[in-house]
Amino acid sequence: MNTEMVKPRIAVHKFSSCDGCQLAFLNAGPALLELAELTDIVYFAEAGSLEREVEIDIAFVEGSISTPQDLTRIKAIRENSAYLITIGACATTGGLQGLRNLYASNTRDWTGAIYARPEFIETLDESQPVSSHVKVDLELWGCPVSTQQIMTALRALLFGVTPGDDRDKICMECKRRHNVCVLITKAAPCMGPVTRTGCGAICPAYGRDCYACYGPAENINAEALATCFEGLGLLPQDIARRFHFINCNAPNFKQAGTIWRNKS
Amino acid sequence: MNNPYLPWEAEVVERVQESASIVTLRIRFTDPAIRRRYRFDVGQFNMVYLYGVGEIPVSIVSDPQDEQLLDHIVRAIGRVTRALVTLKQGDRLGIRGPYGRGWPLHEAVGKDVVLITGGLGCAPVMSVINFIVKRREHFGKLTILQGVKHANDLIWRTQYERWAMLPNTQVLLAADVAGPQWQYLVGKATILLDRAVLDATNSIAMMCGPEIMMQACVTELLQRGFNPESLWLSMERNMQCAVKHCGHCQYGPHFVCQNGPVFQYPEIDELFGHKGF
Amino acid sequence: MTRGTLLNLPHAALGSLLAVLRQQGYNCIGPVVRDGAIVYRRVHHVSDLPYGWHDEQMPGTYRLERSNSPRAFSWAVGPEALKPLNFASGETLWRAERNHEGQIQFEETLPAAQPTAVIGVRACDLAALQLQDQHFLDGPYRDPYYAARREQLFLVAVHCTHPADTCFCASTGDGPQAEYGFDIEMYESEAGFLVAPGSAAGEAIVGELQLSKSNDSQRAIAEEEVRQAARKQTRTLPSQNLRDKLLASLDHPHWQEVAKRCLSCGNCSSVCPTCFCHTEHDNPALDGRTTEHVREWSSCFTAEHGDISGKPIRVQTHLRYRQWLTHKLGSWHDQYGRSGCVGCGRCITWCPVGIDITKEAAAIYEAQLS
C-alpha cells in the first residue's frame, strides 16, 4: 500500500533498569522476525546491534535516568530520534529505584550503606523518568511492558497514526476476563481500581491482588481506595507501601503514599 | 446477510485541501450495486473506516441527488481524522451508513431559513446551504450566519461572498479575533443575530457548532419570538457503532446516532446546557 | 403459556434433566463454586452444582459458606449470569484484509453458537435479559452477534428463596418469583424440585422425564417460601420510576458526595446485567495485511465513553456517576419503557467501596421532596 512508511529505523536503548522490558522484543517469537522485515533495527545492545550514533525514526527507551552519564546520553538519543517511546515503569516514572527519591535521606548515606567504596559511585540525587529531561512522544507503562503493547504502538506508527493510549482502570479488563474480584471475595488490597489497564489483569486471574505495576489510571480516587484498605485492616504504613512501590514517583501515587506514610 | 456493522469498500475519487487542517474527501463505493442502492438525507452521516485504525462518524455534505460521489469534510483533530486527511486519490476505505436523522428540509419549504454555524463545526450546515442554494425558489429569505474564533479560521470565503449575491439572501460573518484583512463583524456569534433581520413568525433556524454558542443563539432567538419548535440543532457526541448499541452517544434519553444528530429544540431542552451529558 | 401443573423432580433425579438436555444437544451451564463465588460455568455432572453452599453479601463484600443443606440453589446471584453468554465481553465483529493494490475486503465473523441450556437462572436475570433483548434485538438494527447466541439459549429458572442482604428485586417488581422468559421453571425444596415447562421447548424436555404430579399443598409451600424471600429483602428503591425526580436534581450536592467515595472503576456497570455500553477498536496484525475490528465491554465510568474528538465531556467522577444513575433509573424509562434496574444488587456487592444504589437514589429523592 502506498501510504505505508518506508522501512523505519528503530533503536532500543537501556538506562537504569533490569532489562526486563527489552525482553518484550526478544520474547516476541515470530513477531520479532516480522519486525526485522518491517523495520531496520539499528541499535539494540541486548540483541547485539550496536550502531549508535545514527539518525533513527523510533527510539524505545528502557530505564530511568539516574547517573550524569544517563543524562548526557538521553539528550543525544532525543536529538537523533524522530519519535521517542519510553517502555516500562523505570523509563516512564523512575521505577522501583525511585523509592530512594522518597525514602533515602541523602545520596551519601545510601551509597555508603550499599557500596564498600561509595566514592566510585557517580549518581544523580534522584532516579528520574525520561520525561523529566527530554520530550517523550509516547509512554508505554508496565513492569515489564508486554510484547503486545510494543507491537500495537509500532503498528499504529507504521500506519502513520498516533498510537492509542488506553488509560482505563484494570478493573474493566478484569471483568471482561470474568475474574472473580479478589477485593470483594477475599478482602485482598487490590490496586486494580487505581491502576492503568494493559497487562490483561494477570494477577487477579491467578487469585492475587494487583500491585499497580502499570501505574495510575486516569481519574483515580486514591484516597477512597486507601480508606477502603484501612477498612480491610491494613495499617497506614502498609497502605503507603501499596502506592510507594514500582510507580512510586507517579505524582498521584507519590502523593497518596506520602499521606498515609505520614499517618503511620 | 444484513450485518449493520459491516462496512462496504469505497475509494477516494478526489481530495480537496480546504485549509491547512481541513480536507474534503470525495468518495464512492467500489461496488456499483451499492452505489445504486445507497440514498441519504441532508444532515445524515456515514461511519468512515480507516483501514487498521478505526471508524468515525462524518457528515455527508454532497447533494443527496448527486448519485456519483459522497463528499465528506474531515478536519484533522483526532487520531483517526489526522490520518484520514492524508488519504490520496485511489486510496481505499470503508463506509457504512447513512445514519441518523437529518435536517427538517421538508418543513423549511416556503419559510425563511436561518442557518447559524460557529467555529469550524460547519460541515453539517454546509450540506443545508448547498441544498437550499440549488433549490432557491422553494424557500423564503435565506440568512447565513457564520461565526469563527480567528479570522484565519474562515474557509470558503469566496463561497460566502457568492451566496451573499443571491436574491433575498443575507450573509453575515463574524470573528472573535479579526485579522488584518477582515472586513466583517468582530465578536461572538450572537452579534450576528443582532444584525440579522428575521421574521420570527415564519422562520426555521438550523444551527451547528459549539454548544455554548448554540445555547446563546437559542436564548436570543426565543427572546425574539421564535417558536421553540422552529429551532433545530445538530449535536455531537462520541459515536462508535452508529446503530444504537454501543451507548456512547446517549444524550439523556436520546441516542444521538439515531434520534439525532439533528434535534428539535424541545426534544433536548431538558438537558441542553447541562455539563456532563 | 399458562402455568400448568407442577411436577415432582426429586433431588436424585436432577441428573436425568441434565441428561435429557444433553441428549437433545444442549451444552449445560449452571452455577458452580469458582474462586470464592458462585458463577455460571459448564456443568458436567450434577455434583458440580453448589450443594449446600450459601452466600453472605454486603456492600463491597461477598463470602461463601457451606452447610449440610441438600439444596443446590440456596444462594443469591453471583457476579455474573446471562449477560456474558449473549453480549460477549469481547469479540471480533469483522475482519478486513488489504492486498498489495490497496483493495480492502471485509468479512463478518459471526459466532458459531451452540445450543446452550442454563440451569438455575434467577428472576432478576430474566428481567435483565428481557431488557438486553430490547436493546440489542428490537431496535432498527438487530445485533447479529447477540442474536446468534441468544437464539440458542434454553433457560431453566429456579425461583429464588435466598436473597442476599444486597437484593431488592421485590422493590423493582422483578422477583424473587420468575414470571416470564424461561423454558422450564423450578421450585427447590428440601425434598427436591417442583417443575413446570414455560415454553414448547421446555415441554418437550419435561415430557421426556415422566414425572409425577405434585399436589396443591406442595405448590402452596413452595410459593410461600418465595414470598418469604421477598419479605426478607430490606433494601428498596424509593419508587419504580425516579425519572423526573433525578432529572430535576442534576445539580444536587449529593452527586459530589458520592464522588468522594466512588473509584470510577466501572465495576458496577460491568456486573450490571442490563448495562450494554461497549467500545470498538481495530487489532491489526503486525504485518498490516489483516486487521480485526473488535468490540468489548466499556462503561460510562471511563473517560473514553464521553470522548468527543479527544475531549471527554465527563472528566469528573460526579458527572460519570450521575450519567450512570440518571440513565439506569431515569432515561431508561424513555428508552425502554421501564427502569434499567432489576434489583439484583450486584452493583452494591461488587463495588469495592460499597456504594449502594438504593441509598444514593434515596438521598437524592428525599432531598428533592423536602
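Think of it as A, B and C in the order they're written, each chain with its own count starting at 1.
Everything below uses one rule, namely that a contact is a pair of C-beta atoms (placed from the backbone, for glycine too) under 8 Å apart; a residue touches a chain by one contact, two chains touch by 3 or more.
For clarity, every value in this text was computed on a predicted model and none was experimentally measured.
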Chain nearest the overall C-alpha centroid of the shown protein atoms: C
Between the pairs A-B and A-C, the one where more C-beta pairs touch: A-C
Interchain centroid distance [CA atoms averaged], subunit B/subunit C, Å: 40
Cα-centroid distance, subunit A relative to subunit B, in whole angstrom: 43
Whole-Å separation of chain centres (CA-atom averages), subunit A against subunit C: 37
Per-residue overlap in subunit B, given as positions that touch at least 2 other chains: 51-53, 79, 91
Multi-chain contact residues (two or more partners), subunit A: 2-3, 155, 159, 164
Junction residues of subunit C - those touching two or more other chains: 98, 102, 281, 284, 288, 298, 304, 316
Subunit B - residues contacting subunit C, complex: 1-9, 30, 49, 51-55, 77-79, 81, 90-94, 236-238, 240-241, 243-248, 250, 252-253, 255, 258, 270-271, 274-277
Residues of subunit A that touch subunit B when the two form their complex: 2-3, 155-156, 159-162, 164
In the complex, subunit B residues that touch subunit A: 50-53, 79-80, 82-83, 86-88, 91
Residues of subunit C that touch subunit B when the two form their complex: 93-94, 96, 98, 102-106, 108, 110, 135-136, 139-144, 247, 250, 276-282, 284, 288, 291, 293, 295, 298, 300, 304-310, 313-314, 316, 319, 322-323, 326-327, 330-331, 333-335
Footprint of subunit C on subunit A - complex, ascending: 1-4, 31, 34-35, 37-38, 151-152, 154-155, 158-159, 164, 166-169, 171-172, 175-181, 183-187, 190, 192-194, 207, 218-221, 224-225, 227-228
